[in-house]
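See structure below.
By written order: A, B, C and D. Residues from 1 in each chain.
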Amino acid sequence: GGYREKVVCRIDEEVDQKLDALFIIDHVVNGFFAIDIVLTFFVAYIDRRTYLLIDDHKKIAIRYLSTWFIFDVCSTAPLQTLSLLFTDHNGGLGFKALNMLRLWRLRRVSSLFARLEKDIHFNYFWTRCTKLVAVTLFAVHYAGCFYYLIADKYPDPTKTWIGAVNPNFKSQGVWKRYIASLYWSIVTLTTTGYGDLHAENTIEMLFDIFYMLFNLGLTSYIIGNMTNLVVHWTSRTRNFRDTV
Amino acid sequence: GGYREKVVCRIDEEVDQKLDALFIIDHVVNGFFAIDIVLTFFVAYIDRRTYLLIDDHKKIAIRYLSTWFIFDVCSTAPLQTLSLLFTDHNGGLGFKALNMLRLWRLRRVSSLFARLEKDIHFNYFWTRCTKLVAVTLFAVHYAGCFYYLIADKYPDPTKTWIGAVNPNFKSQGVWKRYIASLYWSIVTLTTTGYGDLHAENTIEMLFDIFYMLFNLGLTSYIIGNMTNLVVHWTSRTRNFRDTV
Amino acid sequence: GGYREKVVCRIDEEVDQKLDALFIIDHVVNGFFAIDIVLTFFVAYIDRRTYLLIDDHKKIAIRYLSTWFIFDVCSTAPLQTLSLLFTDHNGGLGFKALNMLRLWRLRRVSSLFARLEKDIHFNYFWTRCTKLVAVTLFAVHYAGCFYYLIADKYPDPTKTWIGAVNPNFKSQGVWKRYIASLYWSIVTLTTTGYGDLHAENTIEMLFDIFYMLFNLGLTSYIIGNMTNLVVHWTSRTRNFRDTV
Amino acid sequence: GGYREKVVCRIDEEVDQKLDALFIIDHVVNGFFAIDIVLTFFVAYIDRRTYLLIDDHKKIAIRYLSTWFIFDVCSTAPLQTLSLLFTDHNGGLGFKALNMLRLWRLRRVSSLFARLEKDIHFNYFWTRCTKLVAVTLFAVHYAGCFYYLIADKYPDPTKTWIGAVNPNFKSQGVWKRYIASLYWSIVTLTTTGYGDLHAENTIEMLFDIFYMLFNLGLTSYIIGNMTNLVVHWTSRTRNFRDTV
């Protein structure tokens, strides 16, 4: 159905047996987000006015319930699966709104990393590296999937980035198409740009423009972080040399 | 007429009804520049010799009127619109000189950012980010438009960057051509360089050479600023960890 | 035989006379690693608990023999050459395991550089530069060789990155093919990406994806180190200016 | 003759009238180098042992005459022009050795910048920027000319980077070919790599490999310097904000 299509980027409209695995992965991921909700009730916070660390469970619960709790539950709960039980229309507007809620998870992952970076039990630099790798892989996966979707929906398949090279791409296996999408996505992200797969129509150009502008920011951010790490490591080694 | 052609990069010689919207946008932008002129009379300045903050309105007015006031008014006032009322020749030399005056606005935007960066009421880093994004988008837009103009004026359309791919590009819609120009511009700026659209004749190569050299400076500047931000943010987070 | 094929990236299955030179180079390199093993018995170390410098030969020997000594010997000793004397099957599993042991040398080269960087007798920055150049050349050489191997083993030669441009590439000289592989490798590493040689099938795309992700990290690391050097040099020159 | 061919990268074997202009430019450049030799007799230096500033003209002269003076004169004097008067063979070995001496000027320009950077009368950062721009333009010009020479000397013109696109390139004007060379050179330096002009044979690939490795270092160096500048400027602006 439509719900599971989203998860696998709608690439696999015909490969039904693989969807069960994806269905399970999705529920495992949901499980982690559910654990995160429970844990939030036990994590102390710093009051913005008094600058005191609040570890009273009641106050933490009140603060959380009155702020992001509802969004966190809606973005975690398998509402779509529930809605499938009662309705049989998959492409409705309400359904799409529920899917958009899943993007709320991004905020939660982002705030998780912000919390880990401030936590002295974790190595600061490894947390940062993990975050950068996660952001990069997330961007690569979603850009690849979205770019494939544009080609899939375009009326003339030969005038798409993948169809210009392989006209009957829709009959290929799902993994071949997924790797081709990832390949284009990474070729663009790393600014290698071989040009063997390139935008053929205006919609693809438009998406590519936004992706490249985003990449300009992302690669600068990666280089900036790497420079920071190198400067930090070097100063440590130099201090070691000075003490010896 | 010629005046409005400039605004839309002369792409839309045939799409007249869209020009009214651009005409309005142009006047709104002019309005902001006019407000900036008025505000300049109320902004205190630091005397270069005595290092004192001068907030006497009379002195501010005298200083402004004796320096950039004339240029600021000429680059803001819709002189071209006025000139259209009295003359009917659009491509004259005087007209082109008036158009060049509009570039003076760049100096004003540049000095606005310099002022904002020194103003403690504004967050320093967000001002800087806004400036970088503005410079990037401005460069992308103008390079794309100028590159299209070169192809448009070239005697043999099939020997141009856009004509080699799409020989009858002149009969396409204005948005299609604008997005193709932007696409080439961003592919070059981000050094992705797919190569599907590339210089075909010597004039295009020459322009491309200058644009790529400029981009080398711009991307270095973006990376430098990003590194600066990352180092600043990291030192703040580390200080927080040390105090906890 | 199979052993020497590995050394020259299996490119030279027919050029037997060149293999003798490679055989000698391999033994010279092995000689350096053997010297390193001997030297390790004379290099003092810092005890992790007491932070004292241990230069008692007996303790150094005990520590080394009980930790990495076995691996170091296995990765250095020409075990493969020995095994060739007793067996005549080259492609066996045991043989491949022995070849994997050679990768252990990477750890040794890495720890050599870590030691040199901490040694005050060596200039810190030149050690670092040498390390970066060594890592870059190593990555370029291995990626090129591996990418060639993928094309060489692919069933349809015309559907490979090198076969698409030059269908009868297998009959070319070994140096021509090696330089083509290096060329592709550096074009990808530096993110130039001309696109004249690009992935044609899914296996090549998959390898290219991992290589480009690795390159993103490597180029960021190179830029980070260069920035560190420039900042260091500049501060020295500025200090000189201030004292004059 | 052969001497003037070198100056214009041997591109213009048929355009004789343009050579007179180049001949004059060459002599003007020589003039500046001659002035530099004279000035060196008046520039004080710091003694490496006593760390004292030596401004005794006699000692400066003795030191200069006993070190680089001979090389500086040979690399500046129009020896080639003199040799043309006495001999009529242009391609001889002695002639080529004389041409190599001209590369000695690089050391002089390099030491000039080192001197300027330490001179407190000059702005440190502008000196550095000028140096970077000079190095970039020099690399672009020489790489472009050398790459053209490779194509020009290759036996099969259709198997060269420029001949593959334009088979009868040798009959084109000198400026067209020079701009195509510069275009390729900058496309590679900035890692844009459109791929419209790319290596076709092994010799071109080999040169391209070295040029790309050099570019990796150069672009890192440019980014490192830019980051240094941005950090320096930002800290100045922030200090200004803190004092206000």
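We adopt the following convention: a contact is a pair of C-beta atoms (placed from the backbone, for glycine too) under 8 Å apart; a residue touches a chain by one contact, two chains touch by 3 or more.
Since the model is a prediction, treat every value here as computed from it, not as a measurement.
So if I look at the partners of chain B and the partners of chain D, which chains show up in both lists?
For chain B paired with chain D, the chains in contact with each are A, C, in label order.
Greatest Cα-centroid separation from chain C: which chain?
B
Between chain pairs C-D and B-C, which one is joined by a greater number of C-beta pairs in contact?
C-D
Superimpose the Cα trace of chain A on the Cα trace of chain B, which carries the same sequence, then give the rotation angle to the nearest 5°.
Rotating chain A by 90 degrees superposes it on chain B.
Since chain A and chain C are copies that touch, just let me know if over half of their interface numbering is common to both, same, or not, different.
Chain A vs chain C: different; shared/all numbers falls short of half.
I'd like the Å distance between the centres of chain C and chain D, where a centre is the mean of that chain's Cα atoms.
Whole-Å distance between the two chain centres: 34.
How many angstrom lie between the centres of chain B and chain C, each centre taken as the mean Cα position?
Spacing between the chain centres: roughly 48 Å.
Residues of chain D that contact two or more other chains, please.
Counting only residues that touch two or more other chains, chain D contributes 191-195, 223, 225, 227-228, 231.
Any idea which chain D residues touch chain A in the complex?
191, 193-195, 223, 227
Over in the complex, which chain D residues touch chain C? Could you list them?
Touch list, chain D to chain C: 117-118, 120, 124, 128, 188, 191-195, 198-199, 202, 205-206, 208-209, 212-213, 215-217, 220-221, 223-225, 227-228, 231.
For chain D, which residues are in contact with chain B within the complex?
136, 175-176, 179-180, 182-183, 186-187, 189-196, 219, 222-223, 225-231, 234, 237-238, 240-241, 244
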